[in-house]
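Structures are listed in the sections that come next.
First chain A sits with chain B, and in the next complex the same chain sits with chain C.
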Partner chain A sequence: MKILVCIKQVPDLESRFKPNASNTWFDEADLAYRMNEYDEYAVEQAVQLREECGDSSDLTVLSIGPDRVVEAIKKALAMGCDRAVHIQDQAVSSRDPWQIASIISAYAREHKFDLIFTGMQSQDRGSAQVGAMLAELLGVSCATTVVGFSCKDNVVTAKRELEGGVKGVMRMKTPALVTCQLGLNIPRYPTLPNIMKAKKKEIIALPVADLLKEESLAKTTSFHPPAKKGGGLLVEGDIADQVDKVLALLKEKTAVLR
Partner chain B sequence: MKTLLIGEFREGKLLDSTYELFGFAGQAADEPVMFMVGSETQLPSFGGRLYLADAAACGEYNPDLHKQLILNVVQKENPDRIVFVHSSYGWDLAPRVAVALKAAQVSEVVAIQEGGFEVGCCNGKMRRIVKPSTPQTVITIQAGAFQGVQPGGTPQVTRLAAPGGGTMEFVGYEPAEEKGVDLAKAEVIVSAGRGVGKKDNVAIIAALAKALGGELGASRPVVDAEWVAHDHQVGTTGQTVSPKLYVACGISGAIQHLAGMKKSDFILAINKDKDAPIGEVADVLVVADVMQFVPALTAKLAK
Partner chain C sequence: MDLELTEEQKLIQETARDFANGELEPVAAQLDQGGDRGPLLANLKKLAELGFMGLNVKDAHGGSEAGVVAFSLAMTEIARVCASTAVTVSVNNMVCEVIQAVGTEEQKKAYIPKICSGEYAAGSFGLTETCAGSDPSGMCTQAVKDGNHYVLNGSKIFITSAPYAGVFVVWAVTDKQAPKGKGISCFLVEAGTPGLIIGKEEHKMGQHASATNELIFDNCRIPESAMMGKPNDGFRIAVAELAGGRIGIGSLGLGVGLAAMDYATRYANERVQFGQKVSSFQALQWMIADAYTELEAARLLLMNAACRKEAGKSFAKEASMAKLFATESANRACYTAMQMLGGYGYTRDFPIERYTRDARITSIYEGTSEIQRLIISREILKNLG
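And now, the complex of A and B:
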């Protein structure tokens, strides 16, 4: 079984975001980066499948972005991926999901993966497009928002999460793609021996120009904070004062303290 | 502009969110046409053209087939926009349609802006304006962002035959888990978010809930990490609550969490980040370390 997992590196979302010079995305200075949360579930599921299938299988992790994304790639290798593809792209943040999906499909079409895992969405863009677009470009079956997964005899059974806690179960033959939702599994922490082992694994670097053949279909024209709705009161300062202030407010504004 | 709205139907029922699509079309001053895989017995209250495929014949979830039906209608109507709700149905189907048409897709639109569409990003902390450059655009709208509108009237129905085929087999639905705790009845809910740091700290949040005579709630990551049982989860995939007091401890305020609690009478949030989106719905935002503030508040309440 040939397996691919696609990961994106995203900034720590507790950071403060400032617009960049062209006002189209955030300024990257001073931001810390990590693996997109949804993609951690994707890597874990791919590694579990890789382990189930044993030596006959092979798991590649792929990420598009500048040099910093190699950090996220190394984490995926330490979690158990066999090899990595780093598609080098300094301008990744200006690409639309259509271009990202096109780049991955150009690589995947050649390598004929049986199963592809992606995250349900990226935390910074949150478009929830790349996975399903990639499946469509490759002409493979696809289930999105998956919280349960199994694969036996080339048949995938996927449990999709719907609204209100209801789930929908579906089946499809490989080749197939699933987009992974929070809670699909509990992603493992890379152990020190596995981090050491990962250092010897191959990271193939490819320039994006070799794979990108498509123009973007949409452009970002502005990046800004939401308009403040006001209303809310900000309580800052010393803890003891904050407690007193909050207690006074709760007594005045709610009926729960007597 | 002509807009093809994609209605939603599940477990034999027309979903209310379908009317939010008319809300979008109204704001955009678009001419709406609707497509739906649904049932004759559950027609939307709308006097325009409705292309209807029968859910019994097509399946409620069969994206290959639904995509094909939508593409057939697009060919007939040539709409400028194809609009879905950003839901498990919409975000699944929209990218497939967009690729098939090579049309730009804009996801989770919250507002129509001059020159494009406004969407959230960075977990709701920031906004972008996205401008499509293709003649046709595929759009998903954020649930709740456009007020639902019932245009009224009876649609002129064009029935569509099931095209057959499709590579996916729908096995069935699984109902939501039984609720052990009915949070909807609680007057006070104190919820733990990822900002509480670790499982052991949940007890400190639970102690505040107890001191206030309320129930413990939780955001999703706290439930996924098995710090708190699933039946305490608040949000689109958990419970919807509206207590007299909702206390959000170390919760950022993602849209899926807000959807479950923003109707609470009074919202107190504790977060070390004063820009956290929870501030948009909170009556009071305490900027503090939750592990310092919460025990101090609990202690003072005990006095």
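And now, the complex of A and C:
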């Protein structure tokens, strides 16, 4: 079984973010990066499947971005991926989900993966579109927001998280793609010997220009922190006056008294 | 000159941090209260399985072969959350390293993999005695040859991890007539050897989860193959090989100091007095600036010592400088942090009092600050000829 897991490197969310010079993304200077949390669940599930299938299977991890993403790639290799593909792209943060999905599909189409794992969304952009778009571009079945996974005789059983605590179970034949939700499994800590041995695993570097053929469909026009809220409304006067004013406000601005 | 960590070092640091926050943090305060050591032993096992017990130990012996810089980084991250766990990990690493450096192939095969894999919860050093602390060459414990055995008699104190250690590196006098320091040999004694008695546990000010016990040898017979290194060369082994432990304890001190200041700084940025955050007062701003400057200097001293050791250069002076400065900075950082929290810092509802108690021993054990200064000045004066 040929397995692919797609990961993204994102800034540590405890970082202090400020807009970049063009106000289209955050300033990346001095940020600490790590693997997108959702992708850790995707890697763990892919590694578990790889272990179940044994040596007849092969697990590739793929990431797009500048040189720094190799650190996240090495973590995935240390967790148990067999090889890596680093699609070198200095401008990854300016790509919309359509372009990212197109880049991955250009690579994945040639390699005919039986199963593809992605995170449900990224912690920084959070579009949750790349996995589903990639499945569509490749013409394979797709289950999103997966919290339970098994694969037997080329049939995937995926438990999906729906709204309001409801779960849905779906079955689909491979080739297929799942996007992984937090809680799907318990991602392992990479062991130190495996971190050191990951150095010897193959990392194939591909320039993004070889794979990117699509224009972006959506452009970020502005990136800014939310405007500071006003200082609130001070209701003055005697008690009866205050009550009347509050009632009027509630009728005018809210739905509670309608 | 490049002060950047490698990708592997960053990943090891991240793994240590994630493990500390995920597994150690939930039990650290509870372990400090004493009682059941179950959670400590369970976490030591997990740390061993991840490869934290033999960071600078060869792959062939079951180690991680990750180097000394990675060891320092891991110690700091673990100590940021639990100093008791950190000291156990540091000692385990040093026991492995000493056996790797001077042990025979049989000794390496017999003990290093057991510590690295977690089969042994810990390894211990038995050097200090009641009358031989800073001056270990004045020790009294004897090893007398009897056929193809040695018979140990005497006692040791302040033995880290003694109740759950699988093997002890023990120093004893083998030649009473020799000049001071020239008649001591080094031995490996397995837990459970008849005549090896784990004595009373010390009631310490801090680092409560880490056991510190007396060790008694009452006609303890060990095979002559248990000797490590050459006969009467034990004191040199202690002096030469234990310098690496100072990088471990310095890194541990740094972790505790950072934990205290990180907590206090976040607190000061929220605590309001006189209608403003207390971090807006210059008095606290200068505390923050001074403490972090010292901790950053400590980190660089530690990285320097670790890099030198990793490169195979002399590092005793640099390790002593780093240990001295990092542990004293950590103590000052904890006192500063407590001052920033005011009365709350003195209570058990906040972690600063635990950090402060845990930090206090770091400028004492693994060579007091005074002994570090002695080593540093001796190394400097030596070069004058």
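Keep this in mind: the second predicted complex is superposed on the first by the 228 of 258 C-alpha atoms of A that agree within 3 Å, B and C clash if a C-alpha of one lies under 4 Å from a C-alpha of the other, contacts with A are read in each partner's own complex, and residues count from 1 in each chain.
In this section, a contact is a pair of C-beta atoms (placed from the backbone, for glycine too) under 8 Å apart; a residue touches a chain by one contact, two chains touch by 3 or more.
These numbers come from a predicted model, not from an experiment.
Residue contacts after overlaying the shared chain place A:Asp55 against neither chain B nor chain C. Once the two complexes are overlaid on the shared chain, A:Leu192 sits against chain C while remaining clear of chain B. When the two structures are aligned on the shared chain, A:Val70 is found in touch with chain C, with no touch to chain B. In the superposition on chain A, contact of A:Glu110 is made with neither chain B nor chain C.
Of the two partner chains, chain C is the only one that A:Arg34 touches; chain B does not reach it.
Touch counts on chain A: comparing chain C and chain B, the chain ahead is B. In the superposition on chain A, contact of A:Arg160 is made with chain B only, not with chain C. When both complexes are aligned on chain A by C-alpha atoms, no chain A residue touches chain B in the first and chain C in the second. Listed in rising order, the residues of chain A touching chain B in the complex are 11, 13-14, 16-17, 26, 96-98, 101, 123-129, 131-133, 135-137, 141-145, 157, 159-173, 182-183, 186, 216-226, 228-229, 231-236, 239-240, 242-244, 246-247, 249-250, 253-257.
Taken together, the chain B residues at the contact with chain A in this complex read 10-11, 61, 63-64, 86-89, 91-92, 94-96, 98-100, 102-108, 115-116, 119-134, 167-177, 187-188, 212-214, 220-221, 223-226, 236-238, 244-245, 252, 265-266, 268, 273-275, 277, 279-288, 292-293, 296-297, 300-301. Those residues of chain C that touch chain A in the complex are listed here as 7-8, 10-12, 14-15, 18-19, 49-52, 55, 59, 63-66, 70.
Touching chain C in their complex are the following residues of chain A: 34, 70-71, 74-75, 78, 189-196, 198-199.
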